[in-house]
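Note that chain A is present in both complexes that follow, paired respectively with chain B and with chain C.
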Partner chain A sequence: MEIFIQSAAQISIQNPLCEDWFETPIIPTLPYNRSIEPDYKQFILPIASRRMGKLIKRAIATSLSALKQADIQELDAIITGTGLGCVENTEKFLSAMVKEGEEFLQPTFFMQSTHNTISSQVALFLKCNGYNCTYSHRGTSFESALSDAFIQLKLGKIKNALVGGQDEMTPDYFNMLGKIGYWKTEISPEILQTSNSNGSFAGECSAAITLGTEQKEQSLCKLHDVELLYKPSKERMQEVLQDMMTQANISSIDAVMLGISGDQKNDDIYKDFAETFFANKPICWYKNIFGESFTAPGFGVYTAATCLKKGIIPQHLRYNNIQEQELRTILVYNHFQNKDHSLILLSKC
Partner chain B sequence: MEELILELKKEIIEVLNLEEITPEDIDTDAPLFGEGLGLDSIDALELMMLMQKNYGIKVDNSEKGKEIFKSIRVMAEFISNNRTK
Partner chain C sequence: MNDKLVVTGMGIISGLGKGKEATVSALLAEKSAVGTIRYIQTMHNDIPVSEVPFSDSDMKQMLNIPEEQLITRTPLMGIVAAQEAIQQAKLTENKPKRIAFINGTTVGGMEKSEQFYIDFLENDSHSEYIAAHDCGAGTDDIADYFGIFNTTTTISTACSSAINALIIGANLIKAGKVDAAVVGGTECLSKFHLNGFNTLMILDRATCKPFSQNRAGLNLGEGAAYLVLEKADEAKQRGATALCELSGYANFCDAFHQTATSPNGQGPFLAMQGALQNAGLQPKDIDYISAHGTGTGNNDETESIAITRVFGEHTPDFSSTKAFTGHTTSAAGSVESVISILAMENNFVPANLNFAEKIENIDIQPNTKTKKKEMNHIMNNSFGFGGNDSSCIFSKIK
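Let's turn to the complex of A and B:
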């Protein structure tokens, strides 16, 4: 059974709910960046959205947008990956607890401070009683959610799924991560590409993609496989890559989408991967325009799927200068702290 | 009393995050629940916390709560007579 990415939508530090980033990206210059918010009133009535934190509103807006693009009326599953959940409300709730004790805790912040609030609020909004699950696996949360959807579609348990990657970056959390060297002080495309220092820049992620078993005119690409590996050896990685390509009947990968972010410690792993398995292949990146977040790999899949649909890779997503002969397959590779690794194989419809 | 009513309206707008509603939009004598502002049971919990935190009034009886939260004016009168803060 073939699986297709039917549609995708994003709210990020790029212009929201559109593909402006493909031709005219916003170039980040600061280490801390919040998402650009769309007008939520076109999706949610103010009276319904008043209890929703920013992340919930973003999740609903991207979900509705992706479902509309894919023309999905009946949704079988909502699966969300989130590293931190609704951390803004968690902070409000915990701060109130520290300041006021346990007597004056506001119920709304408590209710919306859990990780699985996102998936459940989307389900309530869509009136979807289907499978609902949340994966909170830090840097591989999105891929875990995608893997769940992929397996269920392959097994025929569902016919379509909405998969989200949702994370926000609060000022406090940004500052905390800064203390352990997560961020650079200066950001530019040149610095991100040539820096020998650790740290990158922060973004926020709200990516929603729909999957289905039926190819449609608007389908973005085929999703052949999702593999999650824990501390794989090079031999194991080679074996899995070969298996993925054999299963998909693909003889060659045309481009590789990596989570390179300008953080030398992380980027060295990606460069080693590229040199070992994909020397002389076009290497692409996406964190240079979307920033770093636990679910940023959601943007990796989103950008790769968009490139396949359009048939080109824009210059600002190219990390090296090697050109592909044709663009039919993209492998998305991500790792988190060189422990959790993910491989996602996509091809043109 | 009018000062307290205005203060209360502002606090309710803030705590319930009533976007695009100003104190002038809230009818002082209209029911808070069902009609009027159309608040629900979670809002009732938020209002109970507001009463306790800002005015030192603990509302732990739901029947009593129904009476107190009848309208902004009723709330303000109850606060005026029972506040400890």
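Let's turn to the complex of A and C:
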């Protein structure tokens, strides 16, 4: 059975709900960047919108946009990956409890603090009783969600799925992560490309994609496989890559999409991966325009799928100068602190 | 090729103590672990809870983890429970090629974040705990301790997390992605969620009374439990004993309200019905339901309605064991899966403690005393915030 990425939508530090990033990207210049909010009126009634946090609004807008593009009426599964969940609400409740004590707390922020609030609010909005799940596994939260959808499609348990990567970055959380080395103090395209210091720069991620088993005119690409690997050895990685390609009947990877972010420690792992398995192949990146977040790999899949649909890789997504002869297959590889790794194999329809 | 999935190992830690034996003894003695707060620092020390009767230092000693090693309570409890499951399944002795670790949690490292939050924001005195805050951090700590896993991920669907971990593990095996999976959840008590549930006014000031007309809310508990899943044939080849079969499961969403279940229990209805269909069983085949039964007004009424809708005249014995363990939230799905499998192994229906009288306008009532009974198929329910409702069925090996 073949599986297709039918549609995708994003809200990020690039212009929202469009593909402006493909030709005219915004070049980030600061360590901390919030997403550009679209006009939510086309998706959510203002009265409902006022009661929702930013992340829920973004999740609903990206989900509705992706579902509309794919023309999905009956949705079988809503699966979200989120590294931090509804952290803004969590902080509001936590901060009140720590600073003002336990006496006068209100339930609202607690109720909406659980990670699964995102998936369940989308389900509530769509009145969807289908499969509903939330993954919160550090830097591979999105791929965990994608893997779940992929496996259930393969097993014939569902016919379509909405998969989201949703994370917000609050000022306090940005500062906290800064204390443990997540961010650079200064960024520019050159600094990111050189990656001779630790840390990257923060973005926020709302990426929604739909999957299905029937090829449609608007289908972006085929999804051949998703693998989640914990501390794989090189031999294991080699074996998995070989298996993936054999299963997909693909003899060669035309380009590799990596999570390089300018963070030397993490980038070294990507470079080693590329040199070991894909020497002399085009290497692409996306965090240089979308920033780092726990679900940023959602943008990796989104950008790779968009490139396959359009048949070209724009210059600003190229990390090296090697050109592909033809763009048919892209491998998306991500790792989090060299512990959790993911491999996603895509090809053009 | 036999595609049947079996459970080959189980481990548990809860207020009832460490391990399966302590758990069975407490269940048979009808001894609740709900009592006075010992470890959590809170002004609400009049709220009864069920705490794991070991300090972090106690557990570090049990596990040979150096006292100074940075690890929070949630993964510590997880390691204790996972170790018991891994040993029973002989996973390290005769290792399957690819093992997944699928962990459910929501609180994550919150019990440290809430202690050091001001420090996180204002100074550097406890910044080492910042990286331990998110849900996945504890999962990786557990995986690192054992060093046998090839895939790990973390599910966070609030109170149904652990049962969803079981579903994901089962699907990973069925799809051929892994050969075995250690699945379940772990959750320690935190001041954060104790206060959260308190603001919702759903915490009983006495021991909870699931399915009783006079119920007044839930008791929070903490705990961890894991099950080892693999294909029956492969378990046999490895020399592992199949304890029971995982015969069916389903996950649906109530899609009604963030914290309340729909009046007709649609999500729970779909989950139970889906699990039966997945198992190819009829309502009359189920011998026991380990109900979600939190003791809140809303859950117990809607769960009863959903059970009646699914089972009708075939409604089997059912009980909630939450008056024993408290509501172990993200771990509840696996804690109660282990409890109900132990009940099936030992031929008894666990008691639903503190039941006084049946809920008005509801025709069914739980099993109130420990009852000897041979069982072939048992169902376990877990329902969470956001309408994340899941059920699974375990069956005796024929």
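The criterion applied here is as follows: the second predicted complex is superposed on the first by the 348 of 349 C-alpha atoms of A that agree within 3 Å, B and C clash if a C-alpha of one lies under 4 Å from a C-alpha of the other, contacts with A are read in each partner's own complex, and residues count from 1 in each chain.
The definition used in the following text is that a contact is a pair of C-beta atoms (placed from the backbone, for glycine too) under 8 Å apart; a residue touches a chain by one contact, two chains touch by 3 or more.
What you are looking at is a predicted structure, and each value in this text was computed from that prediction instead of being measured.
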Discussion item. Should chain B and chain C be called a clash or a fit once both complexes are overlaid on chain A?
Written reply: fit
Worksheet item: Where does A:47 make contact in the superposed view: on chain B (first), on chain C (second), on both, or on neither?
Response: first
Response to the item:
Comparing chain B and chain C in the superposed model, the one touching more of chain A is C
Worksheet item: Can A:149 be said to touch chain B (first), chain C (second), both, or neither?
Response: neither
Worksheet item: Thinking of the overlay built on chain A, is A:111 touched by chain B (first), by chain C (second), by both, or by neither?
Response: both
Fill in: From chain A, separation angle of chain B and chain C (C-alpha centres, steps of 10 degrees)
70
Discussion item. On the A-aligned overlay, A:332 touches which partner chain: chain B = first, chain C = second, or both, or neither?
Written reply: neither
Item to complete: Would you check which partner chain A:100 touches, where first means chain B only, second means chain C only, and both and neither mean what they say?
Response: first
Worksheet entry | chain B and chain C, minimum CA distance [Å, superposed model] | 9
Item to complete: For chain A, give the residues common to its interface with chain B and its interface with chain C.
Response: 103, 105-107, 111
Discussion item. Using the touch definition from the top, list the residues of chain B that touch chain A in their complex.
Written reply: 15-20, 38, 42, 45-46, 49, 52-53
Response to the item:
Given the complex, residues on chain C that touch chain A span 42-44, 101, 106, 108, 110, 113-114, 117-118, 120-121, 124, 127-128, 130-131, 134-137, 139-140, 143, 149-158, 164, 168, 171-172, 174-175, 177, 191-193, 195-200, 251-259, 266-267, 270, 384-388
Response to the item:
Interface with chain C, chain A side, in the complex: residues 78, 82-85, 93-95, 97-99, 101-103, 105-107, 110-117, 119-121, 123-124, 126-138, 140-141, 144, 147-148, 151-152, 154-155, 157, 172, 175-177, 179-180, 227-230, 232, 236, 294, 339-340
Worksheet entry | chain B contact footprint on chain A (complex, rising order) | 46-47, 49-51, 100, 103-108, 111
